[in-house]
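There are two complexes below, and they share subunit A, which is joined by subunit B in the first and by subunit C in the second.
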Partner chain A sequence: MADVVTQMAATGGKSLRQRQNATHIGIFLTLILLWELGALMGWLDPLFFPAPSAILTSFWRIYFAQGNIWYHLYVSLGLVFAGFTAGSILGIGLGAVVGMNGLVRRFLQPYVIVLEATPRIAVAPLLIAALGFGATSKIAIIMLVCFFAPFINTLSGVINVDRDRMELMRSLGASKLQVLRKLVLPEAVPVIMAGERLALTSALSGVLVAEFIQRDQGIGTLILTYTRNLNMASAFACILTLTLIGFLIFKGMEKLDHHIAYWKNEAGLRRVGAKRAQAWATAQRGQSNA
Partner chain B sequence: MKMFKSLLVSTALAITAVPALAQDLTTVNMINPLPRSTNFFPLVVAEALGYFAAEGVEVNLLPSDTSIPYVAFVQNGQADLAMLDPVETVNARLAGANINTVFEVMQNAPEAIGVLDSSAYDSVDDLAGTTVGLVSDRDRAFLQASLDVVGKSIDDVQTVVLGESGPTLAAAIRDGEVSAISGAAPDWIALNANGINVRLITPQEMLSSPANTFAVNADMIEEKRAAIEGFLRAWNKGMYVAKVNPEMVAQALRLGVPAEWENEAAGQLFLDMSIGMNVSTTERLGDLQSDVWTALQPRLLSSGAIPELVDVGTFLNDTYIAAANDFDRAVVEAEAAAWLAANQ
Partner chain C sequence: MNTMQSSAQAATAARRGIVIEGRDVGKSFGGGSVIALEGASFSVKAGSFVSLVGPSGCGKSTLLRLIAGLIDRTSGQLTVHGRDVKGPHSDVGMMFQRATLLEWRTAIENVLLPVELQRTVTAADRARATELLAMVGLKDFAFSFPSQLSGGMQQRVALARLLQTGADILLLDEPFGALDEFTRERLNIELMRIVGEVGATTLFVTHNILEAIFLADEVMVMTPRPGRLARMVHVPFARPRTPELTLTPEFNALVAEVRDILGTH
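Now for the complex of A and B:
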């Protein structure tokens, strides 16, 4: 009987999900249709809203017929990941040091606040002037854009660790490393991961800023070329490509977050629990065989 | 098919680049406002024909927003050549920058003041009391000088920097938010190609102004002589091809900068306009016109674009021009024709 109820619930849940998906797709297609109609009838300004059919044609052209977007995408994504990695390492590393050391925090805090208040985009031309042209200065711009979210989140994750538990661990003679591994990191990781998600999506904005200033190559340069020539359909195709990449990055980071901070969600706990149980059982079997 | 051609050209470029690297090429770093573009077709054509590599030169383009101080990059050695306009050149000299202008890329100013074709504005004089859009801050000086020609000053108009975004420029002029736009050739081409017809009302006196001239660090003239002469010779060959074989230029651009040629008519219009600006009117290609620079400065001075006059002899330096023109025209013609036959 219980099986039947579970099965019915599962079937009901599935059909509800299907209905929801169908509704989403319906709304999306209606909006696109209205957009196309608006463009056809001249209700929408083609300078700002090119017809979806024109954007679709542009997708075909830049990806397949001409194939000119691939190289620019490759360049931009390379910069995004390099800048993100550098910004994350610096942000998490410095955040952890500042969070765990009151003295460092006292001295560094004012500089960090000033740096955070400084608009990063305004600093970009200065960074290029200081570091010269090429990938280094672009990566530095992206790094700067990516730095603060991991830094602030790591700092807050480390500072907001449960004091009572920390005192307990210390009174039981836990070393600093043990406190870090067993208490601080597990509590801070979900917050750090949230910062990483933010940083990776802002890295896309960072690469655009860098490429709008240094216009040699990359998706930002391509967008500039298209908008300068009023080829808005192709510019939209590039922008939608970035939107899709941003979405995929966000979803990917969400999955990674679930994987790393598994103790924060039910499914993760079950997965790791099952894995550990299996490992334990294997070890037991090995022992009894011996 | 186009993709296949692009791949073929890329592969060919990659293959030719390998022996070129083996030849130990000298890198010439050049800072300018645009990436490879129809607007500067001599570069694309010379690259397609392998002229830079043949001169032992590798071009490293540093296209940058005009918010970057180009002169500083020439002075600190990050750039060997900087594309400057006359106002930047004179102001840099006055600020003590030790630069020399060695080549005039464009002898007919690409800058212009455009109004909507259907508007009532017939001359710059009519713009008094209206709001004029600037594509970038650089265009303020050109507007100042143009207003000065008709006895007006920059204070007689309101100015607003619109930025380089095509839709913003197009909407601003189409919807009457600005009476005119002070910008450059690519801006007008995009508008005209998209059905927003623009009429240019630039004063005649401003049309012969040199633009996008190459400046170098005066201290490096001898040290960089071989590389820069080679670079300018290759550039001149690219420029010369447009005189004798514009179809080859168009095809090189279709393959080299496909993003500007998605609309064939717009690409061709862009090229026609760019040929007019890039092909030198002087006997020696890229030659320096000291009389034009001398005549230009009082206008820039009275418009406030420059604070004082500078003796052109202190910064115009034609030391590379003879060598840059020393090439066999017939060979270039034959090479361009052969390239076109192979790439059509």
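Now for the complex of A and C:
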């Protein structure tokens, strides 16, 4: 009896969801159709609203017929990866060091506040002046925009470590390094991951700005070139590509977050709990065999 | 000269079976502006269960943290096993009102933490951890994470972790204070049994006078502002004790005596 009820509830929920999805798709297709119609009838300025069919054609061209976007994507994503990695390592590392050391923290506090109030991207031209044109200054710009979120989040994670747990670690005779490794960093992991999400999104904006300024290669330069040639459909295709990448990054980071901060979600708790139980059993068996 | 003297002291203390001894212990914060504890003189016998009662802010937690070496006293003498207390030491284990478990570790990994901080974990340590979890009634929850356990179960894990340290002095700061009445009563009785089994010396802070007397061999009664040790009240009842004890006139006479010292009629 109870089974029947739950089953009905389940199918009811599913069909509701399916109906919702159908509605979304319907509205979306109608909008696209209206847009296409508007472009066809000349109601919309093609300079701002290139027809969906034109954008689709551009997609085909830049990905397959001409295939020129691949190289630029490769260049831009490579820079994002390099800048993000360097910026995060620097941010997390410095955040941990500053957070663990009260003296350094007091000394640095005013500078951190001043730097936080400064729009980071404003420094980009200075970085180019200092490092010259090329990949190095681009990576430096991305590092700059990536650095702060992990730094601030790691710092606050480390500073806000639970007082009672800290006292417990001290009463158990833990060294400073042990406190960092076994208490402070794990406890800060969820906030650090939140910082990393922000950083990766910033990295994507950072690479575009760097390429807008330097105009040599990469997806930012490609958008700039298409726009200047009034090839709006291709520019739109590039922007939609970035939308997709942004979405994938968001989803990927969400997955990673669930994986790393496993104790913050039900599925993670069950998965890791089962794994640890198994590892324990294996160790036990190894012991009795030896 | 100094060493000779202190080892002589240690010997006398050991002969008398005293593990913790304080003489005029005082602690003030903020350069003397807040006096948390003043002139506390006391001694705790090996294997005894001592309850600390007193109003909020009278320095109970401060006294435990002084004994654990987590903070430094500002006056007086304080020895554990005859040795001067200077910084954290391994003779004592602490337990707090909150379980302070590490949420990313399973119950058994939490129990093993004290060992892990000292040396490589051995098969014997793992066996001991399993045994301790069984002792606190959590045999089947070794691989549960803290967030999957109730508040009472979390405190049981914290108790197992405390026992894993192998410390022979247990400092318990309102360990079950955040739990409901039923759970607290059950855990109190289990605590008495377990502490008796391992033969540890126990300092137990509580706000509840009945609980303090029911569990203890001695009750340290403290008064506030500045925190002072008013008196030690001896509790003569035989063990094992059952909850019916709290209904006897002798028990209630002791309750009245403690209330009298605290001035809370």
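To be clear about the criterion, the second predicted complex is superposed on the first by the 254 of 290 C-alpha atoms of A that agree within 3 Å, B and C clash if a C-alpha of one lies under 4 Å from a C-alpha of the other, contacts with A are read in each partner's own complex, and residues count from 1 in each chain.
Here is the rule we use: contacts are C-beta pairs under 8 Å (C-beta built on N, C-alpha and C of every residue); 3 or more make two chains touch, one makes a residue touch a chain.
Everything numeric here is computed off the predicted structure, so don't read it as measured data.
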Please tell me, clash or fit, for subunit B and subunit C sharing subunit A in the overlay. fit
Is A:Lys255 in contact with subunit B, with subunit C, with both, or with neither (first, second, both, neither)? neither
Classify the contacts of A:Arg170 with the two partner chains as first (subunit B alone), second (subunit C alone), both, or neither. second
Given the touch rule stated above, what does A:Phe212 touch, subunit B (first), subunit C (second), both, or neither? first
With the two structures laid over each other on chain A, which partner does A:Gly273 touch: subunit B (first), subunit C (second), both, or neither? second
If you stack the two complexes on chain A, which partner ends up touching A:Arg17: first (subunit B), second (subunit C), both, or neither? neither
Between the C-alpha centres of subunit B and subunit C, what angle is subtended at subunit A's, in steps of 10°? 150
For A:Arg61 in the superposed arrangement: first (subunit B), second (subunit C), both or neither? first
Can A:Phe133 be said to touch subunit B (first), subunit C (second), both, or neither? first
Look at the superposition and give the distance in whole angstrom between the closest pair of CA atoms, one from subunit B and one from subunit C. 50
Identify the overlap between the subunit B-contacting and the subunit C-contacting residues of subunit A. none
Listed in rising order, subunit C residues that touch subunit A in their complex are 65, 68-70, 88-90, 92-94, 96, 98, 100, 102-104, 106, 108-109, 113-114, 116-118, 123, 126, 142-145, 147-148, 165
Contact footprint of subunit B on subunit A as seen in their complex: 45, 47-48, 58, 61, 64-68, 125, 128-129, 132-133, 212-217, 221-222, 224-232, 234
Residues of subunit A touching subunit C in the complex: 162, 164-165, 167-174, 178, 182-183, 186-187, 189, 262-263, 269, 272-274, 276-277, 280, 283-284, 287
Complex contacts: residues of subunit B adjacent to subunit A: 2-3, 6-7, 29, 31, 33-35, 37, 61-65, 67-69, 72-73, 78, 164-167, 170-171, 174, 186-187, 189-191, 193-194, 258-260, 262-263, 266, 270
